[in-house]
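Chain nomenclature is as follows: A, B, C and D, assigned in order of appearance, with residue numbering initiated at 1 for each chain independently.
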Amino acid sequence: MDLNFTTAEEEFRLKIRRFLEENLPKSGLGAGREGREDKAWLEKSKAWQRKLYESGYVALAWPKEYGGQALDPVCQTIVNDEMVRANAPYLPGGSGLGMLGPTLISWGTEEQKRRYLPKILTGEEIWCQGYSEPGSGSDLASLRTRAEIIGDEFVVNGQKVWTSGAQHADMMFCLVRTDPDAPKHRGISYILIDMHSPGITVRPLVQMTGDKGFNEVFFDNVHVPRKNLVGKLNEGWIVANATLFHERNMLGSATGSEQRFNRLLALTKKIKRGGRALTEDAVFRQRLADLEIRVEAMRFHSLRQLTDQIRGRNPGVETMINKLVGTELNHDLATAAMEAMGDYSMLAREDASVLDHGYWPYEWMFSLGLVIGGGTSHIQKNIIAERGLKMPKSR
Amino acid sequence: MDFGLSEEQRQLKASAREFLSAECAPSAVRKAMAAQEGRLAEVDREIAKLGWTGLIVPEKFGGAGLGILDVAVLLEEQGYAAMPGPFLFSSVLAAYAVARGGSDETGDKLLRPLAEGKAIGTIALAESGDSLAPRDFSTTAIADGTGARISGVKEFVPYASLADFMVVAARGDSGSADLFAVDSSAKGVRVEMLKNLDLTRRVGRVTFDQAAAIPLRREPALYPRLLDIGAVAIASDSLGGVERALDMAVDYSKVREQFGKPIGSFQALKHVAAEIVSEVEPARSLLWYAAYAQDARLADAPRFASMAKARLCDVYSRGTDRAVLMHGGIGFTWEHDIHLWFKRARFNESYFGSPALHRERVAQLGGY
Amino acid sequence: MDLNFTTAEEEFRLKIRRFLEENLPKSGLGAGREGREDKAWLEKSKAWQRKLYESGYVALAWPKEYGGQALDPVCQTIVNDEMVRANAPYLPGGSGLGMLGPTLISWGTEEQKRRYLPKILTGEEIWCQGYSEPGSGSDLASLRTRAEIIGDEFVVNGQKVWTSGAQHADMMFCLVRTDPDAPKHRGISYILIDMHSPGITVRPLVQMTGDKGFNEVFFDNVHVPRKNLVGKLNEGWIVANATLFHERNMLGSATGSEQRFNRLLALTKKIKRGGRALTEDAVFRQRLADLEIRVEAMRFHSLRQLTDQIRGRNPGVETMINKLVGTELNHDLATAAMEAMGDYSMLAREDASVLDHGYWPYEWMFSLGLVIGGGTSHIQKNIIAERGLKMPKSR
Amino acid sequence: MDFGLSEEQRQLKASAREFLSAECAPSAVRKAMAAQEGRLAEVDREIAKLGWTGLIVPEKFGGAGLGILDVAVLLEEQGYAAMPGPFLFSSVLAAYAVARGGSDETGDKLLRPLAEGKAIGTIALAESGDSLAPRDFSTTAIADGTGARISGVKEFVPYASLADFMVVAARGDSGSADLFAVDSSAKGVRVEMLKNLDLTRRVGRVTFDQAAAIPLRREPALYPRLLDIGAVAIASDSLGGVERALDMAVDYSKVREQFGKPIGSFQALKHVAAEIVSEVEPARSLLWYAAYAQDARLADAPRFASMAKARLCDVYSRGTDRAVLMHGGIGFTWEHDIHLWFKRARFNESYFGSPALHRERVAQLGGY
C-alpha cells in the first residue's frame, strides 16, 4: 500500500490543474446538474469538451488507435479529481464516454470502434441510452421495442422512456427485441441508432424538479443498418449488462460526494442555530461527521477498486455496491443540507433569497432520482445478494 | 376513558374526505400550483359554506367554536389532499390568536368576516434568524395610545399577499403583548412574495414600517400557545400527507407489473410499506393526544405538541422519500402527483422548527 | 375523546395500588425477565398469582361463569398499569391468561371453558404453547407433529421447539397435523395436552443469555382424549391464529416500554460523560427524546385500541403492527442503555460492578429474542402488508 | 498510487484464515469461554511459533518489525474467528507502547519474551470515569529515581490476571510521561477479575499501591498515538467480526428452508444481507487507509483512526444485530455460535470510546 503518486503523476496533476485554472469557461456553464436541457448549454459544453480533448484530458486510458492515450487509469482519476476540485462543468458526451465507449472497446467490431470512439472523445457525436420502456423498468429484459430484420437493415418500432439527453443526442445505444419467441433474456439485441433517422420522435418529460431532463422516444419504422449491431444477434443482454455495469459505477461515483460534503460543510458554517454556527451544534456535528466518514470510506473504496483494476483483478461484490451506496449517500448529503437550511429550505432555487445559489433543492430531488435511475436501490440489493453473496434467486 | 374520535369528528373527517376528493383532486391542486395566488378560490368559497373557515372561531363571532382536535381531523384531510390555500394559517392560527388574544371588538371586526370566508388572516412570526423567541426578534412594537406601531421584517409569511390581516409577533416593551393584529392595507405594510419549492403553498416577506397594530393581550402567554397549536396543526397536515403518500405507493404497487407480477407482491416493497404504516398509526394516536391535550389545557400540552411535531414530520419526510422510491421512475416525474407530498413534507418539517429542535424541547420540558 | 377515568375507576386504581404496596412479595421475585427457569420461582410466583386472583385482580374482563368478573377492559388496563408501576413480578400463568384463555373463550366448548379457565386464573394449572417445530418456524403451517385418531384418542408423535416454560407446564395448547394429505393449512388441529402424560420428554434449551428459558418437547405415542380438541378437526389453523393474535399483542405491549424508558432515563442521569450527566449531552438527549416519543406514541396507541375494543370495532392494521413496533422499541431502549453505560456495558449481569443491577445486559439480549419470537419482524411485515394493506401475496 | 494489500499481507491473511479455522473454530473458542483464563493456551503457543506475537515488535528485540496495516490484517482474521486471548492487548498495544516508549533495556526485558510467546503484556488505561485523558485520571505517578511509583485503580484491564507486565496510563508530574510499564508481580499490584458479557475476552480491575514503574518516554506524545492504534486495532477486529456474522447468516439462509424454499431466496433476507455488505466493503477500505496512515505517520492519522473506530463499530453492532435476526429462533440460543460475535461487537463498541465520541473527534480534528 502506497498512496503516494509518482513524480510524473504529480506533475500531470499540476498540469491539468493549471490548465483548468486558465481555461475553465467563465460563465454560463454551471457544475451543477441543472440546466442541461437547453441548446445553448449543449453548444457551449461541446466546445468545452473539444478543448479538453484537444488538450489531452479526455478518456486518457482509451486505446491510442481510437483517439485515446492508453494511459494508466490513475491519470484518469487525477483528471476526474481535478475537474471536481475546479468545479468544472459536466461533459455533454458523458453517456458516450462513461457507458457506450467502454462497452464498445470490449464488444464492438473494429469498424464500430473506428467509426464511433473518436467522435465520442471530441464530443462531436452525443449519445443517449435506449433501455427503459414504459412497461420495462426494473424488469428491463421484458422490453418490447421490436427490431425486424429486413434485408440488411433492422426496422425498429416501439418506445423508450426516461431517455436522458435524447433531445441533444446524435446517436442512441439501444436494446431491441429481435426474437419475440425466445425467453426474454435471449431475444434481445444491442444496436446503435442514428437519432436523426426518419421515424424518430423525441418528446420531453418533465422531472419533479420542473426541468426537462429526460424524454420519451418513439420509433416508427426506423431503419438501422445491420452493421450497427453490437455483439451477436439475440445476445444483446450480455452487452447491455456491460453498459449497466459502467453506468452504475458512474452513478455511484465517489468523486462528487466529497465535493458535496465540502459544500455542505461550508454552508453549515454560515448557518446560525441558537446564536451559534450550526457546525457548533453537537447534534449536527454528529451528522456531519457521520456523512464525512461515509464519504471518505467511498473515496478510499474507489481507490481500492482502481488499484484492483490496475492489478487486473475482476470486480466482485465490492463493485456491485457502488451504485447503491453512492447514490444513497448523495441523497443523504442533500437531505442534510435541506435540514440545515431550516425555513430557507422551503424556497425554490429561483428565489433571490435562496441559500447557496439554490444548489440544494435541485440536488435533493435529483439525487433521489439517481437512487431510482439505473436500477433502483431495491434492484441493486437483489443484484448484490444474488450475484455478490450468491444467495438463491427468488424470481 | 375514551381515546378516540367522537361520532361528530368521524363524520367531519368522512365528509371532508369526500368533499376534497371531489373538489381538490390533484388536478385541481395543480391549478392552484400554477396560479399566482396559490389557492383554489372556489374551494375556499365552498369550505366557508361548509363552516370550516369558522370551525374554531367562537360562536359569538359567528363561528362553530370547536376545538383543536376537531380542527386536527380536518387538517389531516387537507394534508391528505395537499389542499392549497391559507386555511391552516388563516382559519386555524390567525383565528386562534385573535379569538384568544383580541378584544370582543377586534374579534367582531376580524373573525366574523374570516368565519364567513370573506376575509383571510395569516401569521407573521419567523424572521431571517432561526429563533421564534420574542427576545430574539428584530421586529419591535412601540406602544401608541391603546394600540401599537410595528417595525421590522417578517419572513415566510404564508399567503401574505392574500391576507386581509396578519397576526404579528414582535418584541414589545416590557409587559406588552408579543402578538399584534395588523391590517394588511395599513400604511407601512409592504409584501413581497417568495418562490416556494412546495407549490401547494405560498409564502412572502412582509416589511412593517411603523404600521398601526392592535395588541392581542387578553390571554396571557398566548404566543407560546400559538406556537404549540402551530406545531399540532402542521403535525396533523403531515399525518394526512404521509397517509396519502402510502396509499398512492400501495395502490401503484398493486397495478404496476414487473417480472410478470404486480410489484406489490415483492417482499421488499411490502416491507417498506409495512414500515411506513407501522410508523404512521402510533403517530396518529400521539397526534390525537397532543390535540386533545391542547383542548383540555393539560399541563403537558406543550411537551406533547413538540412530540407530535417532531414525530409526524420525521414520519412524513421519511415516508414520502420511500414512497417516491416505491414508484420507481414515474415517481420522479412532474406528471406524477407524488412530488406534491414529497415537497410539502419538506415545508412541514422546517415550519415551526425542526424535529431536532422539538426533541430538545421534549427533553427540556421533561426535566432531563 | 376523554381521557379522564370515572370516579369508580380512580377508586379502583387506588385500591389496587394500595393492595400492591401492602402485598407485593418483598424478595426473591424480580420484575425482570430473568430467573424464571427455576422451581423456587415457580412456587413463589404461583402463590403470588393465587393471592392476586383471590383479591380480584386477575383477568377481570373474563366472563363470571368461568371465574372472571366481566368487568370493562379499562379495569384490566388499570391493573396492568399499576402492576408495572409497582414493579410487580410476572405471573407464571401468563401463557394461559394472555393466549389460551382468550382463545378458549372464543373457540372452546362449554366443557373446556369450565374445565380449564378457572385454573388458569388461579395459576393452579400452568400452560405452555406447542407451536414451533425444528423445521417450522416462520412457516408455522408446515408443522409435522402427527396426531392419529385411534378410538376416542389422539396419539401424538413428533417434536416441538422454543417452548417457553415447558419445564413448569401442566398443560400445552398444541398444533398437530391430523390430515397429512390435505393442503398444509387444512390438516392441522388444535389440541390440549396434559404435560404429565407418559411419552412426553422436555429437554431444556439454553438461550444466548445463558438461561434455560425454553425447551424442546418430544412426543412419543402420547395419548390425548378427543374431547381436548379445540375448534373442529383439521380446522385448527384458524384457532391457532386467534392465539397468535393474542400472543403478538402481548409481546408488543406498550405497558413495559414506559417503565423501561423511565429506567433508562434514571440510569442516564447517573452516568457521567465528559464531566456532565449523560442526560445533559445534547446528542444523547436527542436519542432519549426520540425514544420517549415512540414510547408515548405506543402508550396512546394502546389506549386507542382499548377504546376500539370497548366500542366493539374489529381490529385492523393498527393492531397488526403492535408486535413489530413494540418489540423493536424495547430492543432499541435496551440498546440505548447499553451504549449509555459505555465500558460498563461489557460486564455480565453477575458482576458486582454492573450498573442498574444487571438489568440491561439481559434485557438487551432478551428483547432481541422477542423481536424474533412469535413471528420475526420479517413475518410481521408480511402480515401487515398483505392483511393490513392488502398488497398481493407473493408465496 | 497503490491502494491495496501487498502480496505478503494477502498471504498473511490467507494463512491466518487457514490456521484459525482449523485451530480456533467456535468449538475451540467455547472451550476458552468456559475456562477461567479465557484463552486457548495451545493456540497462543502456536501463534508465537507463527511469529504473530512478535509481528510489530522491532527486530532488535526479536520481532518481525512489521507495521499497523500488517497487524490490522491479522486482527481482522482474529475478529473473524472471535479468537479469545490477549493478543490485541499484548502483542499489539502493550508491545507498541514499550517498543516506542521504552529504552532498549526495557524493550529487551519486556518485548523479547513477549515476541517469543513467553510473556504477556496488557494495557491499563480506563478508570471508572469515562475519560481517557491523563488530566482526568485519578491514577498518579510520582517520580522515584529514574523510575516512578504508581497509585490508583484501573478498570477493564484485559487479561489482567495473565499479564506479566502492564502498560499503565497515569497522571504524572509535569514533564513526565503519561505511560509506564509495571511488572505485574511487583509489590503493590493487585488484580481482581471482572465478569464479562463477551466471554471471548476477560477484563479485570487492577489496583496499584505505590507500585514500581518504568516511564515510557522515549517517544513524545506516545499516549495519544497508543489510543489511536487501539482504535484501529478494535476497528480491525470489528471488520472481521461483521464479515463472519454476515457469512454465517448468508450460509444459514442457503440451507434453512421455510415455505418450501431456502429462506435466502426471500427478498427481505437478501436485502438485509445486501445492506450489511454494502456497509462492510467501504468500511474495509476506510480501515486500510486508517492503518496505512498510522504506518506512514500522516498528519491526519488520528482523525482517520477515529473514523475507522466509529464506522466499523457501528457496522459491527448493527450487522450482528441483523445477523441474529436473520437466523430466527436458532440465533437466540446459546448452542448457536452467532452470539459470540453479537456480544463481542458490544465490547468493541465501547472499548476505546463510543462511535459518538469518535465522531465528535472527527469533527474537532476536521476543524468544524
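In this section, a residue touches a chain if its C-beta (ideal position, glycine included) is under 8 Å from a C-beta of that chain, and two chains touch if they have at least 3 such contacts.
All values reported here derive from a predicted model rather than from experimental measurement.
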- prompt: Compared with chain A, which chain's mean CA position is the farthest off?
  reply: C
- request: Would you mind telling me which chain pair, B-C or C-D, is linked by more contacting C-beta pairs?
  value: B-C
- prompt: Any idea how many Å lie between the Cα centroids of chain A and chain C?
  reply: 52
- prompt: chain A to chain D: how many Å between their CA centres?
  reply: 41
- prompt: On chain B, where are the residues touching two or more other chains?
  reply: 266-269, 271, 356, 360
- request: Would you please write down the residue numbers of chain A that are in contact with two or more other chains?
  value: 282-283, 286, 378, 381-382
Field: chain C residues touching chain D - in the complex, by the definition given at the top
entry: 132, 135-139, 142, 161-162, 205-210, 271-275, 283-284, 335, 338-339, 341-343, 345-351, 353, 361, 364-365, 368-369, 371-373, 376-378, 381-382, 395
- line: The residues of chain C that touch chain B in their complex are 1-6, 9, 74, 77, 265, 268-269, 279, 282, 285-286, 288-290, 292-294, 296-298, 300-301, 303-304, 306-308, 310-311, 317-318, 321, 324-325, 378, 380-382, 384-386, 388-394
Message: Quick check: in the complex, which residue numbers of chain D touch chain B?
response: 266-268, 271
Message: Please output the residues of chain A touching chain C within their complex, sorted ascending.
response: 281-283, 286
Task: Report the residues of chain D in contact with chain A in the complex, numbered from low to high.
output: 1-6, 69, 250, 253-254, 261-262, 264-267, 269-271, 273-275, 277-278, 281-286, 288-289, 292, 296, 304, 307, 310-311, 356, 359-360, 362-363, 366, 368
